Amino acid sequence: MKHIEINGVLTVDQLIQQFQGAGSFGAGRLARACTVYEKMLRDKECTVFLALSGAVIPAGLRSIVINLIRSKLVDVIVSTGASIVHDAIEAINGHHYKGSWIADDDELFRYHIFRIYDVFVPEEDYVRLDYKFSEMYCRIAEEKKGESLSSNEFAWELGKRLKNSNSILRAAYEEEVPIFIPALRDSEFGYVHLLHSSQRNSKDSLKVDAFKDVSTICNIFKKSPKNGMIVIGGGVPRNTVQSAAIASSKGIDYAIVITMDRPEAGGLSGSTLKESVSWGKVKSEADKTMVIGDALVIFPIIVASVIERLGKGFTRKAHLKNAKMKV
Amino acid sequence: MKHIEINGVLTVDQLIQQFQGAGSFGAGRLARACTVYEKMLRDKECTVFLALSGAVIPAGLRSIVINLIRSKLVDVIVSTGASIVHDAIEAINGHHYKGSWIADDDELFRYHIFRIYDVFVPEEDYVRLDYKFSEMYCRIAEEKKGESLSSNEFAWELGKRLKNSNSILRAAYEEEVPIFIPALRDSEFGYVHLLHSSQRNSKDSLKVDAFKDVSTICNIFKKSPKNGMIVIGGGVPRNTVQSAAIASSKGIDYAIVITMDRPEAGGLSGSTLKESVSWGKVKSEADKTMVIGDALVIFPIIVASVIERLGKGFTRKAHLKNAKMKV
Amino acid sequence: MKHIEINGVLTVDQLIQQFQGAGSFGAGRLARACTVYEKMLRDKECTVFLALSGAVIPAGLRSIVINLIRSKLVDVIVSTGASIVHDAIEAINGHHYKGSWIADDDELFRYHIFRIYDVFVPEEDYVRLDYKFSEMYCRIAEEKKGESLSSNEFAWELGKRLKNSNSILRAAYEEEVPIFIPALRDSEFGYVHLLHSSQRNSKDSLKVDAFKDVSTICNIFKKSPKNGMIVIGGGVPRNTVQSAAIASSKGIDYAIVITMDRPEAGGLSGSTLKESVSWGKVKSEADKTMVIGDALVIFPIIVASVIERLGKGFTRKAHLKNAKMKV
Amino acid sequence: MKHIEINGVLTVDQLIQQFQGAGSFGAGRLARACTVYEKMLRDKECTVFLALSGAVIPAGLRSIVINLIRSKLVDVIVSTGASIVHDAIEAINGHHYKGSWIADDDELFRYHIFRIYDVFVPEEDYVRLDYKFSEMYCRIAEEKKGESLSSNEFAWELGKRLKNSNSILRAAYEEEVPIFIPALRDSEFGYVHLLHSSQRNSKDSLKVDAFKDVSTICNIFKKSPKNGMIVIGGGVPRNTVQSAAIASSKGIDYAIVITMDRPEAGGLSGSTLKESVSWGKVKSEADKTMVIGDALVIFPIIVASVIERLGKGFTRKAHLKNAKMKV
């Protein structure tokens, strides 16, 4: 074991190399995560799934995710509804503000400011979203004429209609990166639907099918020779990716989980990747690691380290291009 | 502050009374949680929502939830798909077994045994579920003739077809307790649908609408003079209940959250109930508390303490009866 | 696996029996902890060490610990200085008050009220302690005439001089239960010594030897056929007990650890009992378990359950009587 | 709020600047910690205390701490015994090895290999320490002729006798950085004393006074116009620094705590810095932050960021030089 040495200015990856030399505790896990992500990207057969939960998008990861999509460093996104809602809020010029966790929540309530730990969002940004998006729902419904969408088709329909190219929804649409939102209704997108369907008779309202995206994500797994997973948080997005692995009889080949959750209480979010092996969700021989920490700190470090390793010349083909539209 | 005294045999509630006297740390929070649940139940205007996440159902809480439904001590359930899947597995004579968290997961994989921390489930129980339920899906689809169900209608359709009265699905159906499953596809129910729809042309397959349950849960909130929430874990079920509170402009009046998650990483599961006040999800003056602990320990203690307080004579009217079928 | 059933009033141990039937997650660990403590007490060859850290004494566990000493259900205490300081504060009529964790700490500072999460202690109680105890130090110093005490001798000297029989220090002195305080100076006892030694020339001031208690605790381990450990929290008290096990070449036979700490960050407090086996601190075949939870909730449950199991007739001989005075 | 941008190779501090722009969750706290440490170092009136607990020294932080001492970027160290023991083991050519947390601890026990999560230490390195250091104790005892040492004098006596300049003990001795070890006996240093005193009559054995370092650390606080604290972990080292602040009536001016502990269970290690304000341990207006994370990841990032900010030209005077020897 080599102790970490800091004797002057270090790039992020130089620090990670020091962590790898030590190889212990969280530093060892973090260094390993960088290696696993690098391997996923250099493996030409691997499709990279990014599972997003928690409130990291409004808190600072939005641009990183957009860049990963644009640079083709992720192939598929599986997300909570809320993460995409927060992207959408900024896409239509809403904002998230630096706040404080020691806040008078009664006062915030009176001033119509919503708190996400130390991030503030004005209610009016949600209201603008409601109106703009309920209109968008109408236009999609008209175009689809009663056809039910899957959650990923829904996401692209939104992306198609957003003009702001600096958004996850738009970038994913343009780069043909599927966004699965398995619990779509559990977010402002659900309330927008309520608003939308109150304005028209229910027959004409936008339809999203609860099950339709299952076969799509399973087909991606099946067609892809190898599959890699990066989980931020856990919850439904982690479970959806892992379940697609079983359902398509393809264990995951590379896996990174970044979480603060612990295994002892039994929930999936904190479950170890070793446990996932018993199910066949993750292969026994997979390159895998779990980093215990705040994803808003850990994930940018991994991305910065890997981008440094790949260098400017590196390019990666859009993995699902051609293939994916027909899945 | 009075120190906890244990001088002989204590009932669960007698111990909780000691915790209340001390009033500190987790003991204070747990004692308060018992009081909040008791108040919810004695308040004749209050509808009680139970939000279920994590793996507590296969690990031991299944009977407690069934009893709460049968005794009319919960009015609405909001659950992950997996929790209901585990109920269904036992309803058709599958089993969960005591295992160990120090297990050879490669070996478990070879023997087709799935591990949930220290609970084991044989794969064959899932396989039986797949076949029995895909058949059930067919029968529901035939009956519904193309109509799309909401997640709660879907849950009752399953309950109606299960014979085993000792199950959450059946009990909820019989007692007319709605079960919302906002991320329905993120569970074996999603895979079952894949199987089911592979057997018939997609036009005839069972349809569940992703948004249809939104108005139903919002209407329950609106019609109910007061609303109480008990959260086990967090995730989508907690968010769904809290979002319904906003969407119906009714802040929650009583709230208990049992979780191991922490607020600092920003995710909803660990967010404080004080933070929820800024959104209007929970009323500022609500009776509320968050218990940091393993729900498999904490929730049975709360239930035992409250049942002891209520006594044998206590009865509670099924809160949504008559009202709910039309929501 | 049997699901937990609650069908009426349950005693604490009846609930624990239900947890044992389920055997999963935290409920399984808690049930096991009760069994391990029961075994320790029924095993006539076992010396029971209680390691105390955190702020559980001021928060509500003080009476329980006093009762355990009086009932001879613990044989040795290893504690932080602070836990014993809080006992001493109450022994001279100071108080701890129910407070709130949402407090204005600037205001508390101005009003000379110290906050321990949601417990308040007035500064004046510390001041009274300072004066009373610095006097006591003088009297002990005079009696000892330059002899250096060990931390456990120091604790008994205090206990001898306290009149309040309702205190840990007094009870331990009367029942001849050694109290080891390995980091004695790291508490108000350190400041009291500063005050005391400022009043007299340093030659005459009370001397405590930093190492003198090492051989004493090791001798207890050596002489005792079997050794059991109950850890609340972790830190120095857990390490001291475990180190004594190695130093005396006697692995621990029964072990319970109650903590919120996790193993991944590498610290001893969160380290697993399995890890302790590699060192020889805990025997491989030891009856052992780690309960992840708030000790103010978990420990009283264990004590209540075990007292119920033992019944009224149970008596246990003071284990170290005769032996210990000469160690 | 500005989202984190990663568009190419970033130095560690460039990434931290991005975190500062976002300012949320752990990223905001980490960025703030870098600023607070930078301020401590640029403030010519500030004495910097580093409180060390957990197993970070054997796991990889040893060289960083040595460099901080050599570069005069810390002025005082307060440590657990174990951290210094691990430094000493390497100083006499012992080693820590990369291991695995999934290890067969029975086998490790048979092969005399001690496990610290995923770090392995051979027992023989401890045995060598025992013999070398018990000899050293003899020589110190002979030189001191019955005089009792304080823990910090003891640490320097060891440093004086170690030849390996690449060690914390030696560097601290040479740079006149005091090392306080408040729970000295709670480590292999305690067992070494047992060995040492078994070889000679107790009158001639090395004496360390349990209280003697209290006035020394308090005097440093008093003489220093300002005081800054960096805590790794918590436990006795954090408490010792904070208690010295009260005892010397000087609240801490700058504070960083890196921990995985949470406040809700009431222990000091997880207590907020806001709580510390109520005691007067930390000033209300202090620059302060708590970073929730694995110190082996977080602390090197802070150090790398601050070293980058300070630049090559930066020098800092040994703060306690002249002053400290007489304290």
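Think of it as A, B, C and D in the order they're written, each chain with its own count starting at 1.
Here, contacts are C-beta pairs under 8 Å (C-beta built on N, C-alpha and C of every residue); 3 or more make two chains touch, one makes a residue touch a chain.
The model shown is predicted, which means the values in this text are computed figures rather than measured ones.
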- Item | Result of counting contacting C-beta pairs for B-C and A-C, higher pair | B-C
- Query: Quick one: which of C-D, A-B or A-C reuses the B-D interface, over half of the residue-numbered contact pairs in common?
  - Reply: A-C
- Message: I'd like the Å distance between the centres of subunit A and subunit B, where a centre is the mean of that chain's Cα atoms.
- Response: 26
- Query: So how far apart, in whole Å, are subunit B and subunit C when each is placed at the average of its C-alpha atoms?
  - Reply: 38
- Item | Between subunit A and subunit C, centroid-to-centroid distance (C-alpha), Å | 46
- At least two other chains touched by the same residue of subunit D: list those residues. 24-26, 55-56, 59, 117-119, 260, 262, 264-266, 274, 292, 294, 296
- What is the shape of the graph in which nodes denote protein chains and edges denote touching chain pairs (line, ring, star, complete, other)? complete
- Query: Hey, which residues of subunit D end up touching subunit A in the complex?
  - Reply: 1, 3-13, 15, 18-19, 22-28, 30, 55-56, 58-64, 67, 95-98, 102, 117-119, 260, 274, 292-294, 296-298, 300-301, 303-304, 307-308, 312
- Item | subunit A residues within the subunit B interface of the complex | 53-56, 59, 80, 82, 101, 103, 105-106, 108-109, 113-119, 148, 151, 182-188, 190-191, 193-194, 197, 206-211, 213-215, 218, 233, 235-236, 239-240, 243, 246-247, 260-271, 274-275, 277-280, 284, 294-296
- So in the complex, which bits of subunit C are touching subunit A? 24-26, 29, 262, 264-266, 292
